[in-house]
Structures are given as structure tokens and as C-alpha cells.
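Note that subunit A is present in both complexes that follow, paired respectively with subunit B and with subunit C.
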Partner chain A sequence: MAMKFPSDEWVAAFHNAINESPEYKEGGKPWTFGVTALVVNAQPDLGINEAYGMWLDLHEGVCRESHHCTAEEAQTAPFCIFGDYARWKQVIHKELEPVKGMMQGKLKLKGNLQIIVRNVKAAQALVTCATRVPTQFLDEP
Partner chain B sequence: MGGYVGKYLEVDLARGEITELPIAAEVQRKYLGGSGLAAYLFFQRGKWAADPLGPDNDLFILTGPISGTLIPGSSRFAVAARSPLTGIWGEGSAGGDFAPSLKRCGIDGIVVVGQSPKPVMLVLDEGKVELRDASELWGLDTYETTDRLRETMAGKKRPSVLSIGQAGENLVRFACIANNKHDFIGRTGMGAVMGSKRLKAVVCRGEGTVPIADPVSYKAICKSLVQMIGQAVPAQALKEMGTDSAMDLGMMIGDIPIANWSLGEDFELSNALSGPTMSETYLKRGLACYACPIACRREVEVPDGPYKTPVGPGPEYETCCSFGTMLNQKDLAGVIKSNEWCNRYGVDSITAGCTIAWAYDCFAKGLLTLEDTGGVELKFGEVDGAIAMLHKLAKREGIGDLLAEGSRGAAKKLGRGSEALTAEIKGLEIPMHDPRGSHGLALAYMTSYRGACHKAHLVEAIEHGLASYADVGLEENYEGLSSEGKAGMVRIGEDLGVPLNSLALCEFEMWCYQFDDLIRAIRAVTGWEDFSVEEYRKTGERLWLLKRCLNNLMGVTRADDRLPAKILTPLPDGAAAGLVPDEEMMLREYYEVRGLDEAGRPLSAVLEQAGLAEVGQVLHQRI
Partner chain C sequence: MTYDASLSFIYMNTTRVVFGPGCARDVKEEVRALGCARALVVTDSVLAKSTDIPSRIEKVLGDACAGIYSDVVPDSGVHLVDAGAAFARERGADCIVSVGGGSAIDTAKGIAIVLKEGGSLRDYEGFQVLKRPATPHVAIPTTAGTGSEVTYVAVIKDHEAHQKLLFGDYNIIPNTALLDPELTVGLPRGLTAATGMDAMSHAVESIHSQQNEPIADGLALHAIRLIREFLPRAVDDGKDLVARGQMLIASNMAGTAFSNAQVGLVHAIAHTIGARHGVHHGLANSILLPHVVRFNAGEIAGAYRPVAEALGFQVAGVSDEACAEAAARLLSELAARTGLPQTLSSQGVPESALPELAEATLADASIIYNGRAVLDADEVLGVLKAAF
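And then the complex of A and B:
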């Protein structure tokens, strides 16, 4: 069954997809830099009344813990990436590579850019995991 | 009106005469300045049949309307001539502080004609212009020349120095011109043209200012551009990690050439040679060109070891590839040392590295032997052989005499099937972005007016998604691994990118704001109140067409708009594995959108529409 994006179920399914992924196990191995929080900016016309945060405790190719969080909590993570709904949808569809998205200002990063650019493989593997989550987009019937 | 001083100097080295010549207002607006103005003057002088290293090949050193202002990234200037490397239109541009210094001397540019019987330098100092003997500088490298001239001209203001090293003196076909020690007119061998004229250096120091048409708007626009740049992630990446910031990203999208274009992916390699690694290891500080808030230039030091290098200019992305990934070697200190020698001798580090990588490939395949190399082993994975080759080629010693011709010339001389191991278009080595991962870039390499070039257009930034310009009809995302629909994008990318080398503006700043913003800045400086993005694009088209016509006059036809066999061979691994650009389809579509005939010439009607009827008449009469 497809899960609404963003939702608590989607975050849980993403967590599982990460831990089941041989690509992330390999590509995410060098990631030892702490929690990455992803934030979908508020968009009331889609029913996202408040920014929706996803807290992902990633470490050496494994997602150790995940939960839905507020934008405020997300900003306490060492890495926090903000974006509009349409941008995240592009990321999940593999139409927008997240590091490029940051370069273009389509996604906003709070955190060390140097660590991000040298871990593009981990980012790529995370996107692959996201594509494996059966997703129901809010702007689609 | 502002921006221009409205005159340039013609320096006749054979006669020792210096003449001041005007630049008409309509010429300023039509050709902007820099390499665009150079192309116009080149056409007017009609010397396209000149031997590139002979007395008739005039050398154009020109600034643009915004050069030397406080618009971020406006430090640039262009040098142009017929290229001794490619035999066609040659040009390069650099930042640094030469452009503002020249403008402060009260001129927009210099055209050097003829050849001097002995080494000379041109000195512009506080209102005086003169040619001086430079025999004592002949034989010095660019760092030594810069230091020596700055010592002898010590005063309250430091002069800006353009110089050539031993490579330029020895007519190495890809010799470059240094501005002080950090900035280089790298590509197409302009340093060899300077060397052929026995012009060792141009030194300038002045106190004037650049005239600004609307100082109030100018001040506000400069401020807002600095703010926009301050908020842009590409600027942040360039500041923190230099031009080499995204090497891992490049590896992911199939952008990085490995082992002379033979392999497609090696993250260990990119990790070892990337900007973040340089920042953590050898970086001393970032440096900026005049009036640039980004400061992408690196100052580095290798404190000890076999590649010990004193504090000085560090390698950019291109050199990290040409002396790193292209040799399949991971030693960043070795790249830094190679870079230092390229700078000192004054050679283009892209062509030098690529020609040496070609020699490595020849050696691996038994086409070159220890006997040919003077006992030096050229082994992928090691940089020592490359450094040894740099010493030889700068002095044209032994095999260096062959390598000093560039890869096309060297392969032609060597034969033995070595031509298949080169990767050049129209004689210019492909820069360090593999076009098998970016098909639009492949087309832009094919159609660029100076041979395979990534700086005569914005296609690389657009296709890689480093910049997006929705306001000029470009899509947000382009799939690099597809050849579909690229012709239109390339044409727009060219029309937008070409004028940057005429204004002259650093491309990196253009990654941080939109064209509307640039146009406001140009208006404020020049006073062209009705200058628009549309006129800017049309000017880009005009300049592209003009340079194409010059190339046609120098022998370029459709047959030259081709990818080399190396690039038409699929890679075994990486993002671009198994794929090559569809050159035929892209070229066909491009010829259509650009208005070129079967012979590769712009159609008369297209030239007329672009305001180049006179050029069209000459072209179509002669060819």
C-alpha cells in the first residue's frame, strides 16, 4: 500500500528501506557525521500546515533511529535540509539530485557543506532508498 | 557614458612605436570589449592567414566595459590572437588585477603588432608608456619575473605584471600568460604568441578611475550583487573548497576523466584530490581576484616530502584532474608541485596534463619507449614522470620538443596510431569534464570557437545543474546522459556565455544571480539605459557568429566539428558506462538552430540579421 508523503508511516517505511538497502549499507558506510534531518516546508494548500521534519539518525550505512520532528527540533541536528514539497517530490522521483539541489538553492542546507559534498554517494544511496518506498503524493489523486 | 575609456594602444614592436587609437561608441556597444572587441579588430585587420608565431599575428589584450569596476567578478580581461596550438581563433581570459590596473592607466586595451629584435617589456607607469629592454628577464620564470619587476618598480602602489615564462620564450604551443603569480591566460597558447614577439612582460600601474554613468544605481547594484553572492551555495562551496569543491559530485555523474579518458569511476581518486581534501591538508588560505567576494583561489603549501612546495598558488579543479585523475594518480602534493611548474614555466595546465597523459598512454601501449623519453618511465598511477616531462617540454629538450606541440601536433609527428589516443577538438585538448556524462557539453565542445572549451559558454553549469536561468527560457533540469533536445540549450548557453569573456566577468559570479541582475549592472556602468537581456543575448549570438566566421576564414569546416575517437568509445564503468553522445543528431539539430550551412559557415541571412553583413560578404566571397 502506498504511503502518504510526508507522514509518520512514510518515515518508518523509509527507515526500513534504508536498512534493507545494500546500496546504502555500502554507500553510507563513511557517514559518521550524525543526524540528518529533512524538512518539508509548510504548504497549507496541500494540507501541510506546519513544516514536517524527518529525523534520521544515520551511522555507518545504518539508520539507527528515525521519527517525525518539528522544524525547530530538526535544526538541532548537525545537518538539516529544508525544501518545498515540489522539490522533495523531484528528489524522490530522482529528478533532482539533492547535492545539486543545494547548489542551486532549491534545497537549503544547515550544516557543513564540505562534509555533504564529499559524501555524495551516501546521498545518492539515500535517494535510491526513497524511491523504493511506495509513495502517495499529496498533490496526486 | 561610462565603462570605457574609449581608446587602446597599438604597440608596434618592430618599429618601437606606440600609438593611441580610439574605440568608437557604436563599436563598444556592438562588440562589448574583451574577446568580442578583439574579434572585431582582428577581422578589420584581415590577417587571418598570418603565421601564428610570425610577425603578422597581432596580439589583443583587452578589457571590457565593467572591467575594473566594483561589480563582483569584473576583474577579468581577455587576450586573443590566432592560436599557435590550433591554428584557429585563440583566446583566453583571466582575473587577477591586470584589468583594473590597465583601466587606471587610462586605456581599455593594447594591441601588440610585429616582432621585436630583442626581448622587451611594455611599461605603463603613472601616465608614461614605454618599451624597455628586457634582456635581463629573458630566461626567468613567471614568478621570478613578477618578483623582479615588482622589486624594481617598488613604490606606493604595486604594479600589475603580465609575463611569460620559459615556455613562452621557447614557443611551446600551449604557453600561457601569467598575471602576477595567481592568474593565467591559460588556453590556446597566447604565451607563445607573446614569446614570438619577444615581449617578456607588460607592467602597469595607474591612478585613474573607471568612469561610471550612474553612480547611485551602480552603488546599489554592487551591494545587492554582493548580498546575492553571499547567500548562494555555489559561492559558499567555491569559497570553502575552491573550484575543486564538487569533484565527488563530478565522479557521481560521470564528469571526471580518468587515465586518459579510459575509466569512468573511482571515488578514492576524487576523494584524495578534491577541494575538501585540499582544505584539510595543504590549504593556507583562499584568495580573491580584485573585487570578488567569493575568493575561490587557493594558496597552498606542501611543507615537506618529495613534492615540497613553498607557500604559493594552488591548483584549481582542472589541474587536479589533468595532473591527478588523468594520470590515475592520487597524490595531491604531486599535483601541487606539477601546478607550480606549470605556473612558473608558463604553460596551460590542461593541455600540458592532457598531452602528458597521452604520452603515458602511448608508453603503456609501447608506442613510446624509455629510449624516446630519455629513460623516464611514464606509468599511470605515478606523477614523477609527468613532472619530468614538464621540465623537458618547457625547454623543448628531448621528447619535450615533441610534447611542446600539444597532443594533436605530437601525435601527428609520432604517428604509430597514437592519434587515436588524443582527445582534442580542433587541436584544443578537451577540458576536464567528460562529455560522455554530459552530452550537451559534448556538443558545446564540438561547436566552441576555440576548440574543445568549457568556458566559452554556460553549458557545463546549466547541464550539471550548478546554475539555472529560468528567466531566459532554459529548463530547470537537463539529463546529462541524453543527447535529446540539447541543440537549443547549447545555443542559448553559448549566447549567454560568450559575452562574459567580453564584459569581462567571472562565470562563477553568474552562478549566483540572474541575467536581469547583470543587465542592471551593465546599464548603471555604461549608461545604456535600454540595454536588455534580449540585446545581451543577441550580442552573444553576434560574437559567436563573428568568431565562427573567422574560423571559417582560417579553414574550419563542418568536418572539424567532431568528437575524437577516444570520446566515441564507451566507458567500462561509472555513471556514463556504455553510452556515448549522438554527435550526428546533435550536430544536425544545432546547425539548424544556429543557421549554419553544410560547409559549416553561418548563412548570409543569419549574419545580416546579426549585424555582420560585411563579415558575411567577405566569408562567402572567399570560401
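And then the complex of A and C:
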């Protein structure tokens, strides 16, 4: 069954997809830099009345914990990436590479870009995990 | 140069550019045109001690000058930015005027952030995190190389953490750039050459970037033509105002090009070598550029056909690979013509350091856009050995 993006169910499914992914297990192994929070900016016309945060405690190729969080909590994470719904949809469809999106201002990064660049394989594996979550997009029937 | 149907890009060029001998004397009018009343002059300590340029800017600003902050050093630091912002606030500044090379302009970008938003520059580390424009900023470059007067990036060192921090945000692009050739006539021969080749590396790197696009390519190619013609003249006769002016324009065009298309492996390695071994950024770029062209040519030789042509090579009937090799050779010859060293070993980089440099280079953000994808430290090591 497809899960709405963003939603608590989608975050839980993403968590599982990460931990079932051989690509992330390998590519994410060097990641020891703490929580990465992803934030979908508010977009009331799609029913996203407040910014929707996803807290991902990633460590050495494993997602240890995840939960929905507020934008405020997300900003306490060492890495926080903000973006509009449409941009995240492009990321999930592999139409927007996250690091390039950050540099072009399509996504906003609070945190050290160099660390993300050094772990680009982990970032790519996370995107692959996201594509494996059966997703129902809010702007599609 | 070919573009396919999937071409998609964002082009930003928001800086008002004023060019002409003596145009820096209009700085007060430019500050007023931004709706500002009092400007803090940010400059580097060497320029302040060895020239009268900052005091001339102070003089023409007159009652619109809030003071001079001249503590900037090469590899400027977060602590200097925070102190500069505190000084600006204390003096009631509502505008920043930077005078100098890349360090002064980048420090000013940082001060512009903190003066507007408060806190410490560390609070804003990241990419595109600002929600509104930073404090208005008029940049007056005194070197022709960095292009920082039109770019959206500032590199500032955190001396406590021994880390170079990258701040990338469209909100920190300077509002105005005053390109005054008279201010670059005193630049020593070696610095003229190194900064000029820095501009050349910006132009070539933006062309071999994965994010190259027609507007940036056009700017970069003309920058290459200008540098090829005028850098030797500026080096031979520092008082040649035409050459100085054309080099400032070339640097500005190359800066706009790479601020949009990004840079690549040359800069990724040069940042790493600069941080660890103190090699001048422009000189490191100059040494590495031909070797990265040869490395990239293995996959994207076609990118160098227009580069070779802009460097004066007759490309008709010649293969892409031969064009790439000609471009690499002509870049080396131009650097040699200006008297710049050609090897990393001549700059005190020990051979034993190369493997560690190769590994560290993979963490530099510039590498993301290199035209030939680089994911393996051994590939970087090959370039380093060739440049050694």
C-alpha cells in the first residue's frame, strides 16, 4: 500500500527501507556524524499546514531511530536539509541530486557541506532507499 | 560545445558592475544608491599597511565612512568576521565596502551576514540558509583573479576547529562591484600572474563542470581570450591600464561563470593543498589546471575544443583529444610565460603527503561538479603525481 508523503507512515517505511538496503549498509558505513533531519516546508494548499520534519538518526550504515519532528527540533540536528514539497518529490524521483540541489538553492542545508560531500555515496544510497518506499504524492490522485 | 534536450539550469547575476579607471572614487554615490548612509571599509592588513588605497576610499566616503576594519589576513577566520561585525555595529554601519582580494571580500560577505542576522558566523554555516539579503555590500577588488565580487560563496576558516567553512548563499552576492584598474597597478608581478591564472582556472573549470550552460560558457570563453591576451601584458608592465582593466573584466566574467556553473577538481585539490601546505590558491590552481584537463580529457575531451580555440589553437580538422592536449599545453605555456612555477614540489609539498592530500580532496565540495566524476582517491593521486 502506498504511503502519503510526507507522513508518519512514510517516515517509518523509509526507516525500514534504509535498514533493508545493502547499498546503504555499505555506503553509509563511514557516516558517524550524527542526525540528519529532512524538512518539507509548509504548503497549506497540499494540506501541509506546518513544516514537516523527519528525524533520522543514522550511524554506520544503520538508521537507529526515526520520528516526525517540528522544524524547530530539526534545526537542532547537526545536519538539517529544508526544501519545498516539489523539490523533495524531485529528489525521490531521482530528478534532483540532493548535493547539487543544495548548491543551487533548491534545497537548503544547515551544516557542513564538506562532510556530506565526503559521504556522497551514503546520500545517494538514501535516495535509492526513498525510491523503494511505495509513495502516494499529495498532489497526485 | 553541445547541449542536450535535458539542459536545465539557474543563472544568477545580480551584481551591479561599474568599470573604469578612477571609478572607485564613486563609492560614496554607490553606497547612497543602495539606500545606505554609513559604510564600514573592510580591508586586509597588508593592503592597509603597504598602500594608501583603503585610506583613499575612506577619504572619498567622507562622512559616509563608519570606519576601517583592517584586521583581515589570508585565510580569514570566523573570529575576525565576528569581531568585524561587532565593530560595524558599534560604529553604526549599515553597509560594507570591501577593498582587497578574495580574503577581504569573503570576510566582508561574512560580516554582512552577521551584521544583519546577529550571533556568530558559525550559526550560518551551510548552503542557502539565509532568508533575506545580507547587509548591502560594495566590493572593490584590488586583484584580478578571485571574482569574489560577483560570487555567492565565501570561504572562512574556523581557526579553533582547524577547518575551512563554506558559506554559499545567493543573499551574500555583493550588490555592487567597482572595477577600477588604477587600484591594481601596484600589484606585484608574481601576484598579478598567480591571480590571473586563478581567473583562468575559474573560466576553464566552469566549462568542464557538469553544470556548464550556454550563458556561463560564453562568459568563460571570452574570459579565456582576454586572459590569454592581457595577462602577459599586465605581468610585463604593471602600469598598463588597458591590460589591468581587461584582466579585471576577465576575472569578473570568469567569476560570474563559475558562480553559476561551479568549479571542479582543480579547485578541490587547490583548496586542500592551500589548507595543509599554504600554497597560494591561484598558484596551486595554475599548477594543477593542465593536469586536470588531461585527466578529464579521458572522458570529456570535447569540452576542451572551444577552450583550445579561445587559447588560439586552430581546431579545424583536429580531434577532440588533440584539442584537449593543446589546451593543456597552452595553459602550461601561458603560466610559464608569466613566470609562475610549474610543480607542486617547487612549492614545498612533500611527495609523502600526496596520498593524504588525495584522500582529503574527496571531501571538498568543488569535486562534485567536476566534468569527469571522481569517487576514488587514486584518481586524484594520479593528478597530484603528474603535477608534482
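FYI, the second predicted complex is superposed on the first by the 141 of 141 C-alpha atoms of A that agree within 3 Å, B and C clash if a C-alpha of one lies under 4 Å from a C-alpha of the other, contacts with A are read in each partner's own complex, and residues count from 1 in each chain.
One rule holds in what follows: a residue touches a chain if its C-beta (ideal position, glycine included) is under 8 Å from a C-beta of that chain, and two chains touch if they have at least 3 such contacts.
Just so we're clear, the structure is a prediction, and the values are computed from it rather than from any experiment.
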Fit-or-clash call for subunit B and subunit C when the two complexes are aligned on subunit A: clash
Touching partner for A:V99 - first (subunit B), second (subunit C), both, neither: both
First (subunit B), second (subunit C), both or neither touched by A:M54: neither
Partner chain(s) touched by A:Q124 [first = subunit B, second = subunit C, both, neither]: first
Which of subunit B and subunit C A:A17 touches, first, second, both or neither: neither
Contacts of A:K110 with subunit B and subunit C, given as first, second, both or neither: second
Stretch of subunit B, among 170-178, 530-538, 584-592 or 602-610, that runs into subunit C once the two complexes are superposed: 170-178
Doubly contacted subunit A residues - partners subunit C and subunit B: 99-100, 102-105, 109, 113-115, 117-118, 120-121
Partner subunit A, residues of subunit C touching it in the complex: 10, 125-129, 163, 165-166, 168-170, 211, 262, 362-365, 367-369, 375
Complex contact set, residues of subunit A against subunit B: 90, 95-97, 99-105, 109, 113-115, 117-121, 124
Residues of subunit A that touch subunit C when the two form their complex: 99-100, 102-105, 107-115, 117-118, 120-121
Of subunit B, residues touching subunit A in the complex: 231-234, 236-237, 240-241, 245-246, 248-249, 251-253, 267, 271, 274-277, 279, 464-468, 477
